[in-house]
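Below are structures written as structure tokens.
Here chain A shows up in two complexes: once beside chain B, once beside chain C.
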Partner chain A sequence: MMATLDDLLWSYQSLIYGLGTNAILGLSMYAVLQLGQLSLGQAAFMGIGAYTGALLTLRLGLPFPLVLAAAAMVPALAALVIGGPTMKLSGVHLAIATIGLGEVLRVAYINTDAMGGALGLSGIPEKSTFAIIFGLLAVILAGFILASRSKIGRACEAIREDEAAARVMGIDVSAYKMTALVISAALAGLAGALNAHFSSFIGPNEFAFEAAVSILSFAILGGVTTPFGPVLGAFVLTALPELLRPFHDFRLVFNGLIIVLVVIFLPRGILGFRIRRTGG
Partner chain B sequence: MLAQQLFNALVLGSVHALFALGFTLTFGVLRVINLLYGFYVAAGAFAALVAVQSLGLGLWAAGAFGVVVAGLVAVVCDFLVLTPLRRAKAPELSSLIVTLGGVLLMNSLMQIVFGAEVRRFPARLLGQDAVTIGPLVVAPIQLVIIATVFVLVALLFWFMERTRLGTAIRAVAERPDTAALMGVNVGLVVAGVSFLSAALSATAGILIGLNFNAVHPYMGEPMMLRGFAIIIIGGLGDIRGALVAGLALGFLEVMTAGYVSSNLKEAVAFTALILGLWLRPNGLFGRASGKRA
Partner chain C sequence: MLTVETLSRTFTGLIAVDDVSFAVTPNTIHSLIGPNGAGKTTLFNMISGLLPPSGGTIAFQGGDITALPPHRRARLGLGRTFQNLRVFGEMTVLENVLTGMHPRLGVAWPLAVLRSPAARAEERAGLAKAQALLAKVGIADHARRPAADLAYGDQRRLEIARALASDPALLLLDEPAAGMNPTETAALGDLLLELRQEGLTILLVEHDMGFVMRLSDRLTVLNFGRKIAEGGPAEIRDDPTVIEAYLGTKVARKLAGAAA
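Right, the complex of A and B next:
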């Protein structure tokens, strides 16, 4: 039994690890979407985390827990600078402020020799294990579930439903939005570093617009009414391309189509912008 | 050297401004950040290219063909994707997300149909070699670009201020419900704005395609990043602001590439966008506004 499980893990290792890191990315999107905010910088934050982590491991040989902590903190700082001015503005402004980040960083990575230039960084030691990835996923998921059932969860719901009303009720809307963005950037950075430490290679083109839209599609497909939604969405959209290999060229078409169809046909249900409370 | 840089900045800036005008117009009227707008850049350029290569049309006819095709595609796309959300009174974020999926879908389809490689207009279309006027080296196509943009911008301002449809568009932008009560056909205005803005986007795409003589499926993406910077700095929905900010961004990019580093050129728009959000979140000419309880 253990032998078969080992075999399975070995032959599908990158897929299984990918399920875990993509689920964390889905949750990072959930952190902002549940407030009615949209960040299109998740792939860029992921890239910052991946590059930070890879460089710290390769150049300084820091222990892995420290690497992961740094990989979460650097993108969080970037989020403060980029998202800061949009906190008092509408959700659309955060999307606009973050949409260009990936492209700017792509050009920066390519032109910085210390970051491997156009070739990227390779030979990153495989330090991410099944236990680390899914252990962290479980902790993060549990954190979001606890938060959603507490005062914080109700405040988030109030902000998503009606920002002005939430403000009147005494909720510090800007602080909530800022915290959510920082957490979401940190989680994306963490996922990026985890990903870099099992794929052994990262390149400048991996964290661009398409990656950002893919991460969004995890959360859109799964919905953000509960933290399980983005995890489920990430699992489905990560496993599906493996099952549908013949249609590989149409992967992005399919991703785009899913977003369009889900938003149009389940605009409130799955996005959860207007959830009716049932009971108490 | 400086005169040449300024001239190049004028060419680049006027195309940026033209592109951003349509982008800000859609937002002003439809209240939607329409990411599909970037797709119409490539759609127009490819339609013009097909018109030249397969239909044997000349420069102006092919350009007009590309613009009309992109405009009609936009009317169809908006009807399929945005109208249902408008009817359902969905939050503005839903519209943004749906066009995000839409642009990924359309760009990827375009790449599957036309391939990812860069295509070129035939050389005969671009006219003679560059001429020297005083200190300037000027390609004829650059003069065509400047002239086209200035004529179109003048026409747009005249159209918005002086015609019945222009007035209706401004009325819908101001208060859609009131405009409808006053007898404005809102559906028609929405379709008209879709067509008009995509036509501006496609024109910018064709001009960019001619200027660098390169057409490819993802040519709209760098334009979109500049478009975002321009409409934020100019103020969302502000046509005059978009014009000023577009020219200014072209100037900044050319000066950065010329005197600092061409690698930094790509970062100019993004830096301007973030600075704009910190310093003037309501745009250059904007007044403070916001939803209050």
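Right, the complex of A and C next:
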């Protein structure tokens, strides 16, 4: 039994690990979307985490837990810095500003030799394990579920439904938005570092616009009414290309098609149920 | 309780509120009346902090709140409802009221997330209080329904329960009787009088004059952004400037002629 499981893990290792890290990315998207904030900076934050983690491992050989902590904290700090000026933005404006961040960083990576330049960083040791990735995913998911059942979950939903009403209800909307952005950046950075430590290579183009859109699509497909949605969305969209391998280049068409169908027929995502927010 | 001084708000090319001053006495129902576009909702938005004034000051319970953000004002005891219904439609009725209680739930967030005994006790107490508030406004039967499913009048009542959940000292009600039938309006009037009895101060915007005259201890009349009169219900009813503002100069003159 264990042997077959090991076999499975070995043959599909990068796919299975990818399910886990993409689910964490889906949750990082959930952190902001549940407040109605459309940030497309997730890929950029993921990139910051991936580069931070890879450089700390390659150049300094720091222990992996420390590397992961730094990979979460550096993008969180970046979010704190860019959060101030962008917090006044909402909707499309915030989305565009955060896309800009990704592009700026991409160009910065390409032109910084210490970060591998256009060639990226390779030879990153494989330190991510099944237990680390899925253990972290479980802890993060549990945290979101617990939070969504408390007064914090109510405040978040109130902000998404009607910001002005939430404000006069005594909810500090700006603090919530800033916290959500920082948490989402930390999670994206964590996922980036986990990913770098099993794919063994990262490059500047991996964290650009396309990645941002695919992270968003995890959340849209699964729905953001509960934290389960983005996780399921990430699982489906990560596994699908493998299942559709016989269709070769048409695989990506299926991804796009599924998203279009979900947006039209299931605007709340495939998991559209709500969690009761009466936490007693 | 609330003192508004020389408050103004201009939008491009329009003076919505022009140099308005008035004071609300504790434990009274004070009404703001005036024709459509007189600046009543703009005034409400400035008092609750959603709109920064162009000039003037707002003091609440002795402190200047002009520069405070809305959530800080709510914590100080300022509650409000909205003219256009703004319940949280996807939440249940009960969750709406619990959301209104937000500034009074003091347990630190990590404890709230981890459901510590203190947090659970606070949530239970909050639930009981929310149920009581729903019973008070008369929609206890709908507690578990999504707020968007409620009838119009019930959504108005829910907004009042949600605002009361934060234990406000002053409650701003923006057209609470709009869309209600006469029976519902009368019940709402009874509720507001009961709340005043219990020590609440209410600042009311309402177009239903029968309702306003029945409830108000004092009225401030606005027209085109300016205060044109202030006084008790009887004074205001007979004030020629007020009649003119509501009915137009011609009708007012005719009425004056008929009376003479």
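Quick notes
One rule holds in what follows: the second predicted complex is superposed on the first by the 244 of 280 C-alpha atoms of A that agree within 3 Å, B and C clash if a C-alpha of one lies under 4 Å from a C-alpha of the other, contacts with A are read in each partner's own complex, and residues count from 1 in each chain.
In this text, contacts are C-beta pairs under 8 Å (C-beta built on N, C-alpha and C of every residue); 3 or more make two chains touch, one makes a residue touch a chain.
No experiment lies behind these values; they were computed from the predicted model shown.
When the shared chain is aligned, no partner comes close enough to touch A:Ala185: not chain B, not chain C. Of the two partner chains placed by the overlay, only chain B lies in contact with A:Ile258; chain C stays clear of it. Looking at the shared chain after the overlay, A:Ala23 reaches neither chain B nor chain C.
Residue contacts after overlaying the shared chain place A:Pro85 against chain B, while chain C stays out of touching range.
Measured by the number of chain A residues touched, the leading partner among chain B and chain C is B. Look at A:Ile220: by the touch rule set out above, it reaches chain B but stays clear of chain C. When the two structures are aligned on the shared chain, A:Ala155 is found in touch with chain C, with no touch to chain B.
Contacts of A:Val104 after superposition: chain B is touched, whereas chain C is not reached. Once the two complexes are overlaid on the shared chain, A:Leu237 sits clear of chain B and of chain C alike. In the superposition on chain A, A:Leu56 contacts neither chain B nor chain C.
Overlaid on A, the two complexes show chain B and chain C touching the same residues of chain A, namely 164-165, 167-168, 274. Touching chain B in their complex are the following residues of chain A: 36, 38, 40, 81-82, 84-86, 88-93, 95-97, 99-101, 103-104, 107-108, 111, 163-165, 167-168, 209-210, 213, 216-217, 220, 249-250, 252-253, 255-260, 263-264, 267-268, 271, 273-274. Contacts from chain C toward chain A in the complex involve residues 48-50, 69-71, 73-75, 79-80, 82, 86, 88-92, 94-95, 98-100, 102-103, 105, 109, 112-115, 119-120, 123-124, 126-127, 162, 166.
Those residues of chain A that touch chain C in the complex are listed here as 143, 146-147, 149-152, 154-155, 157-158, 161-162, 164-174, 274, 276-280.
In the complex of the two chains, the chain B residues touching chain A come out as 33, 81, 84-85, 88, 90-94, 96-98, 100-109, 112, 221-222, 224-225, 228-229, 232, 263, 266-267, 269-270, 273-274, 277-278, 281, 290-293.
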